[in-house]
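For reference, the structures are reproduced in the following blocks.
Note that subunit A is present in both complexes that follow, paired respectively with subunit B and with subunit C.
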Partner chain A sequence: MHVTQGTFSFLPDLTDRQISDQIEYCLRQEWAVSVEFTDDVHPRNTYWEMWGIPMFDLRDAAGVMAEVRACREANPNVYVRVTAFDSTRGWETVRLSFLVQRPANEPGFRLDRLEAEGRTIRYSVHPYAADQPAGRRYKPEQANTAPGDRR
Partner chain B sequence: MANSNVTKVRDAKQRYKSGVIPYATMGYWEPDYQIKNTDILAMFRVTPQEGVDPIEAAAAVAGESSTATWTVVWTDRLTACEIYRAKAYRVEAVPNTGPGTRTEAQYFAYIAYDIDLFEPGSIANLTASIIGNVFGFKAVKALRLEDMHIPVAYLKTFQGPATGIVVERERLDKFGRPLLGATTKPKLGLSGRNYGRVVYEALKGGLDFVKDDENINSQPFMHWRDRFLYCMEAVNKAQAATGEVKGHYLNVTAGTMEEMYERAEFAKQLGSVIVMIDLVIGYTAIQSMAKWARKNDMILHLHRAGNSTYSRQKSHGMNFRVICKWMRMAGVDHIHAGTVVGKLEGDPLMVKGFYDTLRSTDTQVSLQNGLFFPQDWASLNKVMPVASGGIHAGQMHQLLDYLGEDVVLQFGGGTIGHPMGIQAGATANRVALEAMVLARNEGRDIRNEGPEILRDAAAWCKPLRAALDTWGEITFNYTSTDTSDFTPTAVAV
Partner chain C sequence: MSVPGPAASFEAASSEVVDLRALQADTDIGSPIAELDRDLVGLAPVKQRIREIAAFLLVARARERVGLAAGPPTLHMAFTGNPGTGKTTVALRMAGILHRLGYVRKGHLVSVTRDDLVGQYIGHTAPKTKEILKRAMGGVLFIDEAYYLHRPENEKDYGQEAIEILLQVMENQREDLVVILAGYRERMASFFASNPGFRSRIAHHIDFPDYDASELLSIAELLAAQSEYRLSPAAREVMIDYITRRQQQPNFSNARSIRNALDRARLRQAMRLCAGNAVATREALQTIEAEDIRASRVFAT
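Showing the complex of A and B:
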């Protein structure tokens, strides 16, 4: 399966050039960009691991791209996303968030159904990968090249 | 303005002599009135009856929407009646009306109301005055409420949107692009089981939301519990298939509040992120559901069913922008507010005024967009506008350009009518959308390069190619009835 979280998941994986253009856009809006990664891609896993704090004072896309590459290298074959924060009054939230790496093999999710009273069913979405302990969910040897390298 | 030397009678004995005197002299016309920053302001388009002076007509509107009756009453003198009287303070001719034009003379009448005329936190009370008896008043041939200014002091007595754009996006984990939806079709007649099939296919294919239509409640072909159960099966199955948060607007509209609460509770119990109501349930019911939604972590979608009965014609009724204001105060999270390019009424300038009203923290006067007053929204949450009705993937560049990214784009026919099936229809829309946002962020001129951007994406996305082949040329070029009175260059403030 193909996890479709993030703003551009229905497009072919973005090249580094495309990622850099989106980062440029975020910096033009004066948003702070950060890099996050996870091996738990449950749709309600809000808090991915932070690759450092948001880069509030880094206004150069090339610098942000260096962090993206460093995060990918240190965390091959898991999910990595770029997230942009807007501190403007009335927003004060994420304004753009898109994947910049995904595992080569995405096993997907099991839907658990617990039959309850009447015809009610309690649903639970369970990532198959989460059956393994954190850090061992996506095997490094399956590592694909980072999408950005497939220009 | 004719007759502008009318002044109110200041001598109390004269003023309260039994009998009938003009509203303007009763104290409902005060051209020198100093607006207080706690006043509620309203602007009406007035078409006076033949022979009625525009200032007298404006004063009559002020009178009939506040304290007046047709004759003098001595009991006014038991109150601080000067405060409770609404004051017409400005009357001006509407451009392009009156002698020498095709439209009879109309006037914009500005009226100020003291905040103490209204109960805190009650749209019902506010509207009982502002659009109450006055609309049937004989001295005016037609009357239309064009805009209102709500002071911060009064806004703060309202909850506002239960969730708002910011928190809705955080909960759904969807940022930086419009959300995508569709209304299940055919809107009436499907069984619960067949209905859920449409929901699953559309969500799995790439939509964020599917929606009940306004008139899907609990009918012989599909009772509400059945619909809720099958829809939530579809939502959860699609979540597992995509790893994304998905939703279906379960319409809880019913004949009584008790029924609506029961349906909303069931939706919550089944894990739905969103429920839906129709405008026709009434202002009080809407406020009640907004409170319920805030308390139960639920997004509240409002379908504007019924609004065109009073908002479409320019001479009488009320402008939809006022409905937008009231609904933001009442506390809905979504409201249908026009597409510009689709099949339903929507002039681009007017639609921009609606969208700004729903989404801004602060709006300035913009006569061309129909915003006659500035409005500070006092930190009330933002409402997500919904664009629905006759839109398709081939218009994606126009939709993004006109409507921006904080909007739900609903492609009902444009998803379900796709030649390759519902999933393909949803995928076509999602790919078109993401390709357009990517290109816009890259700095491309989507208004002009849009068709090319879509063609490039269609080169690798077969469903999008099929969508463009089917609907690429479909447009709805009809003249709008609710249009701006001011040309874009004539912003005179």
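Showing the complex of A and C:
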């Protein structure tokens, strides 16, 4: 299942040139760009691992692209995103965030139903990948195994 | 939907002519060089080299246009010269010139010294240097007094680590930034001698000559004019005398000494005006008189 999180996620994956142009736009708006990665892609998982600190005072996308490449190299088969933070008073938030890498196989999510008091049912979304321990979720040979299908 | 046949495209390619003058006008190369000529006194070899680089970049662009091989030229530079010969000033302008020539994308200058690149403990240097390099991407990284990066007396010095990262980026990301090293002549020579990697990665070694007395006088007048002061004819004579005396003294640092002398003359002019009449004409406010310069301790000996 193709994960759609962040801007541009319904488009085909961006090429490096397109990523670089988007970063260029962020820098022109004077946003602080940072690179983050995770192997837990639950939609409510807001806080991904930071790849270094946010980059302030940059003028050109080449510096960010170097970090994006370094992050991909160190974390080859997980999700990597670029976020741009606007520090202007009143905003003080992330203004743009988009994926720049996704694993080869994305097993997707299942819907869990929890029977609560009375006839209440509580729902939750569960990424299949999260059944594996962190760090082993998107290894190529395990990426497509269904839950409960462990060796 | 008609596609020109192979014969037609060959015809077009072989007869293609690039109008260098038009290209020059397009890229606006002339004006930064004219500005350089106007605003900077002397420095003939430096200006010559900048003209060469500008012409080279223009030709590189023309070659690209007719489909000849056009690898990105290496533009890392080393500026050597005595104090006050304008190394930093030229570096600042270089960023603007290279930007207008379309060689660097942003045209900003990041000016650093050893403290900005080298860390204080193990593992501190690499992130620090990379941070600076990232900031300089798309522009010019100016490393003043670059020889401090290398401390031959201490082989565990972290400067070596910074040098290695710099060399790697200078080699692999030539299209992303231009590195300019600057420093005094002798110390730069020994720095390059102990870091041959640097020497070979820097294509342009530009030597800044000392100014002679008449150039220094033009600089004094230019500096005064820039801050809307002017030297009275008598003051100009004293200035000539001042320059010849100051040149003989130790620690003479060319244009910087002249600028300092002018700053002090402005202070004395202010004192003189305050001590004198209660009213000052516009004329008096902008004129530096002979006595303002004559009071310098250079004349005491």
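Heads up, the rule we're going with is that the second predicted complex is superposed on the first by the 136 of 151 C-alpha atoms of A that agree within 3 Å, B and C clash if a C-alpha of one lies under 4 Å from a C-alpha of the other, contacts with A are read in each partner's own complex, and residues count from 1 in each chain.
One rule holds for everything that comes next: contacts are C-beta pairs under 8 Å (C-beta built on N, C-alpha and C of every residue); 3 or more make two chains touch, one makes a residue touch a chain.
Just so you know, these numbers come straight off a predicted model, no measurement behind them.
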Touched partner set for A:M55, first subunit B, second subunit C, both or neither: second
When both partners are placed on the shared chain, which of subunit B and subunit C touches more of subunit A: B
Touched partner set for A:L111, first subunit B, second subunit C, both or neither: first
Touched partner set for A:F37, first subunit B, second subunit C, both or neither: neither
Touched partner set for A:T46, first subunit B, second subunit C, both or neither: first
Touched partner set for A:G63, first subunit B, second subunit C, both or neither: second
Residues on subunit A engaged by subunit B in the complex (per definition of touch): 1, 3-5, 7-12, 18, 21-22, 25, 41-44, 46, 84, 89-98, 108-111, 119-123, 125, 127
Subunit A contact footprint on subunit C (complex, rising order): 105-106, 108, 127, 133-135, 137-139, 173, 176-177
Complex contacts: residues of subunit B adjacent to subunit A: 166, 169-170, 173-177, 206, 225, 229, 232-233, 236-237, 239-245, 269-271, 361, 379, 382, 427, 430-431, 434-435, 437-438, 441-443, 457, 460
Residues on subunit A engaged by subunit C in the complex (per definition of touch): 52, 55, 57-64, 66-67
